[in-house]
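Common to both upcoming complexes is chain A, partnered first by chain B, then by chain C.
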Partner chain A sequence: MRRVGAVAFNTYRETVRERVLYNLVFFAILMTLSGVLLGQLSIRQDEKIIKDIGLASMDLFGTLIAIFIGVGLVNKEIERRSLYPLLAKPLAREEFFVGKFLGLCFTLLVNVAVMTVGLWLTLAATGRRPDPHLLAAIFPIYLGLMLVVALALVFSTLTSPALAAVCTVGVVLVGRFSDVIRSMREVAPGVPRWMPNGLYYLLPNFRNFDFKDRVVYGDPVSAQTLLWVTAYALLYVAVLILGGLAVFRTRDLQ
Partner chain B sequence: MGSTPSSALRIRGLSKSYMVGHLRRRPHAALRGLTLDVEQGEVFGYLGPNGSGKTTTLKILMGLVFPDSGEAEILGCPLSDRLWRYRVGYLPEHPYLYDYLTPREYLDYVGRLFGMRADARRRRADALLDRVGLSHARDLALRRFSKGMVQRAGLAQALMNDPEMVFLDEPTSGLDPAGRRLVRDVIVEMKAQGKTVFFSTHILSDAETLCDRVAVLRGGELLATGRLDDILRIDVQHLELLASGLSAEAAEHLPHVRARQSVGERWRLEVEERGLGETIQAITRAGGRVLSVQPIRQSLEEYFLREIGPARAAESGVVD
Partner chain C sequence: MKRPAILALPVLALVFWVQVRIDRQLGAARTQQDVLYLWSGPHVRRLFPGFEGLAADLYWLRTVQYFGSSRAFAQDTRMPLLGPLLDITVTLDPRMEVAYRYGAIFLGEPVPLGAGRPREAVALLERGAQALTDNWRIRQDLGFLLFLYLDDYRRAAEVLLEASRRPGAAFWLKNMAADILARGGDRATARQMWRQIYEQSEGVVRANALINLQVLEAFEQADRLTRLVEELTRRHGRRPRSLDEVRASGLLRSPAVDSSGTPFVYDAETGRVRVSPQSILHRPDRESP
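Entry: the complex of A and B
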C-alpha cells in the first residue's frame, strides 16, 4: 500500500507540475464572468445559471482531464521507458497501475474541490447562499470522472494514446446518450435486437451520474440513491481496473 | 533449478522472440536458449553488437518482458520472487527519469519504493548525488539536465538501495570521458566491496579494463563465455617487442619483423617467435635496447571483427 501511495503521490505531483490544474484559471474566469454578467437577470434566474455553469464546467473540465491525461498515464511511461527502472524495484505492476489510477483520481478530486469552493464563492459574491445541497450533484460528477479515468487507463493498455482517447470519448458519449441507444430498437428496426440491448447494458450509463438539473431545481436526492450510484460506479471501476491489470501484467514492455 | 551459494545469477535456456513486420507478422528470435552463470563478487561483461540480445536479456531479468522459455535466478531467488529486487540495482540503457522532478526528489521516490525511512532516503540521496558528481544540481529539474547528467542520475537511482548486485545496460554510452571514468570507478568500488556487477556494453575497452569474465553474444546466441584471456586468442607465432635507441633505417632492416610502429622514441615491433634471438642481436648491434618482449594478444575488437565480420561489426557499432 505504501508503494501504491508513492506512485499515486508522484502521479499527482506530475499533473500539478505539468500544469493540469491550470484549467482552474479558466474556471475562475468563467465564474467571474457569470457573476458579473448575469447580475442583470432576475434573482432566481442568475442563481440557477451560475449553478448550471459551475456544475457543467466541473463535469466538462474534469472529463477532458480524465480522458487526455488518463490515456497517457501508463502508455507514456512505456513509450518514454520511465517505468523501466521503477519496475526493477520491489514495485509490482499491479501496484504501479493502481497507483497511477489513484493519482489521477486525486488530481481530479482536488480539481473538483477547488471548483466547488469557487462556485460557492461566486454565489456568495452575488449575494446568494453557498448551497451545500450542490454536493449531491458534485459527488456523482466525481464518481463519473473516476469511471472515465478507469476507461481511459484500460484503453491505453490496449492501444496507442490517440486511439485510446478516441475510444474513451466514444464510450463516454454513448454512455451519456444511452437512452438514444435504447430507442434505437424502435428507430431502426432492422438492427438486430441484441446489439442495442448489449450496448445499453454493457456500457456504463453516464446519465446515472447526472443530478445537475435535480439539484439546481432544488429536488432532493436521497442518500440511498447516492449509495446506489456509488456502488454502480465502483463496480464498473473495479471491473475495468481488473481488466486493465490482466492486460498490463502480462504485457511485454519493449 | 539449484544454485550454488556463490552464484549471483543463473540463467538456463532463456529464449525470446518478438513479432516483427506490419502486414506479414513473423517471429524474430531475439534470444536463443541462453545459459549463463555469474558468480558473486565478479564484474561480468555482457558483450555483443547492437541487436545481439543484450538488452532483451536484461529486460527479461528485470521482469520487463517475459521469456518464451527458460528460467533464471538472481541471488538465489527465482525471477518471480520479489525479494531479490530489494538487493539489486538496475540502470536501463538511455534512462528516462521523470523530468519534472529534481534528482533529489527522484531518488526520494525510489527510496519510498524500497520502504526506506525519510531521513535514510535524504541521507542516501545526498551521498549518492555527491558520488556521481551531481550535488551542484540536486535541486534542478531533470529536464534541464544534459544526457550525461541524466545518465549519472540514473546510476545514482540504481544504487539507492545499496544493492548487492547491479545490472547496468550500456552504462557508459553517452558519457564524456569524465563520466566514463566515474562509471568505471563506481564499478571498481563495488567490486572492492564484494558486490557483483553485470554490465552490457559494446564499448570494448570498458570490458577489457573492468571485467573478470565476459560473455559474448551474437544474434541472440551465446558465442563464448569465460575470462577475456581465454576467449581472446593468444598468437604464439609472434611476439611484441618494444625497443628504444633505434634509427628509422635500422628499424626498417631488422630481420624477422612483420610489422613495425614508431611510438615516440620507441619502436613497437611484431617479431616472428622463431627469429627472436636474431632480431634482438640485430637491435643490439644497431645501438638499440630491448625494453620488453611479450606475446601478442588479440584485442576484443579484433575478436569481433573475426567472429562477426568487418562489415557487420561496423554496421552494429562495435567500438574500441
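Entry: the complex of A and C
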C-alpha cells in the first residue's frame, strides 16, 4: 500500500507540472468568471448562469484533463523508459498501475476543489450565498471524472496515446447518450431487443453523474441516490482497473 | 528583423486603418445576420448531453440579444427567429420560468414593441404551465395575456382562479378573476395587470409595462377631455372649436398633451378627443368605441 501511495504521489507531482493542466484550469476559471458577465447580459438568470457555467466547466474541463493526461500516464513511462528501473525495484505492475490511477484522481480532486472554491468566490463576489448544496452536483461530477481516468488508463495500456484519446472520447460521448441507446428501438424497430439493453448496461452511463440541473434549481438529491451513484462508479472503475491490469500484466514491455 | 516589436506598431496602425475601411464599406453598426442553424428543440438537446442547462442559458442569452437588437435595429420587426429560439430554450431547460414569462411578453406585444404573435405567446405560457405545475406566476401571466391580447375574459378568469390555488399565490388573484367576470374588459383591470407586470419584472419587460400603463393613462385622459367638451357644449349650447377653447373656459387647467408630450386630437364634428396617431401611445385597436 505504501508503494502504491508513493507511485500515486509521484504521479500527482508529475501531472501538476503538465502545461496542459494549467491551460485547462486557466480556461475553466476564465469560463467560470465569464458567468458574471453573461449573467449581467441575461434577465434574472445571473445566479443560475454562474452556477451552470461553473458546474459545466468542472465537468467539461475535468473530463479533458482526465483524458489528455490519463492517456499518457502509462505510455509515457514506457516511451521514456522510466518504467523499467521502477519495475526492477520491488514494485509490482499492479501497484504501479493502481498508483498511476490514484495519482491522477488526486490531481483531479485538487482541481475540482480549486474550481469549487472559485465558483463559490464568484457567487460571493456577485452578492450570492456560496451554496453548499452545489456539492451534491460536484461530488457526482468527480465520480464521473474517476471513471474517465480509468477508461483513459485502460485504453493507454492497449494502444498509442492519440488513439487512446480518441477511444476514450468516443466511449465518454456514447456514455453521455445512454438514454438514446436505451430508446434505440423507437427509431430502429428492427434492432433486436437485447442489443440496446446490452449496450445500455455494458457501456459506462455518464448520465448517472449529471445532477447539475437538479442542484441549480435547488432540488434535493438524496443521500441514498448519491450512495447508489458512488457504488456504480466504484464498481465500474474496479472493472476497468482489473481489465487494465490484466492487459498491463501480460504486456510485453521490451 | 532585429526589433520585431517596433515593426509591430505600424502594422497595428495598418490594422486599424483597414478596419475603418471595412466599416465604411459595410457600415459600422452591422447587426448579426438572423440565422438559426438548428430549428428543433429536441435536436439541439441531443447535441448537449449533460450540458443542457448551460446550453439553455446560452440560447436564452441569444433570445434576449436577438429581441433587443431586432427592436432597436432590424428592418423586419416580425422577429421570425424569436419563436424557435424560445422553443429551443425551454426544450433544453423546461423549468426556466423567465423564458416562458418574458418570452411570452416578447412574442405577444404588438409590433414594433414585440413580435405581435399573441397566440404563440399564450401557447408558450401554456407549455410553461404544464412544465411547472405548481408555479402560480406563469398561470397569472397566462391569465393576463388571455385578457390583454386575446380579449378572452372568461378563460382569463378561469386561469387566474387556477393560479390562485397554487402554493404561495398572491391573494389578489381571486379578486381579479372575479372583477374580470363581473366587468369584462375594462381599463381598470388592464391597468391592474400591467401594474403587476411592472412590479414583478425588470429591464425591457418593465419598460414595456410602463408604456402600456402610459397608453391606458392616455386613453383615460382622452375620455376625460371628451367629458369636458360635453360639459362645455352643455354650457354654451354648441361644441367648442378646439381644445384651446376648453382651456380658455377654465375647465381644463393643464395643456392637452399625453405623457409623451403629443397633443390630443379633437374632432369638432363629433366632440370626441382621441390620442394622436403621431403619439407613441397611439393604439387604435384599444381605443373605446
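Basically, the second predicted complex is superposed on the first by the 232 of 254 C-alpha atoms of A that agree within 3 Å, B and C clash if a C-alpha of one lies under 4 Å from a C-alpha of the other, contacts with A are read in each partner's own complex, and residues count from 1 in each chain.
The rule is short, and it goes like this: a contact is a pair of C-beta atoms (placed from the backbone, for glycine too) under 8 Å apart; a residue touches a chain by one contact, two chains touch by 3 or more.
This structure is a prediction, so every number in the text was calculated from the model and none was measured.
Colleague: May I ask you to decide whether A:18 touches chain B, chain C, both, or neither, giving the answer as first, second, both or neither?
Modeller: It touches chain B, and chain C stays clear.
Colleague: Give one of first, second, both or neither to describe whether A:212 is in contact with chain B, with chain C, with both, or with none.
Modeller: In the superposition, A:212 touches chain C alone.
Colleague: Once chain A of both complexes is superposed, is A:89 in touch with chain B (first), chain C (second), both, or neither?
Modeller: First partner only, chain B.
Colleague: Please indicate which partner A:48 is in contact with in the superposed arrangement: first for chain B, second for chain C, both, or neither.
Modeller: A:48: touches chain C, not chain B.
Colleague: A:226 contacts which: chain B (first), chain C (second), both, neither?
Modeller: Once the two structures are laid over each other on A, A:226 reaches no partner at all.
Colleague: Is A:158 touching the first partner chain B, the second partner chain C, both, or neither of them?
Modeller: Touch status of A:158: no partner.
Colleague: Identify the partner contact of A:59: answer first if only chain B is touched, second if only chain C is, both if each is, neither if none is.
Modeller: second
Colleague: What residues on chain B touch chain A, complex-wise?
Modeller: 18, 59, 62-66, 82, 85-86, 88-92, 94-98, 100-101, 109-110, 112-115, 154, 157-158, 161, 167
Colleague: Along chain C, where are the residues that touch chain A in the complex?
Modeller: 46, 49-54, 57, 60-61, 64-65, 93, 95-96, 98, 102, 202-205
Colleague: State the interface residues of chain A toward chain C in the complex, per the touch definition above.
Modeller: Contact set of chain A toward chain C: 38, 41-45, 48-49, 52-53, 55-56, 59-60, 173, 176-177, 180, 206-207, 210, 212-213, 216-217.
Colleague: Touching residues of chain A toward chain B in the complex: what are they?
Modeller: 2-3, 6, 10, 13-14, 17-18, 80-82, 84-92, 250, 252-254
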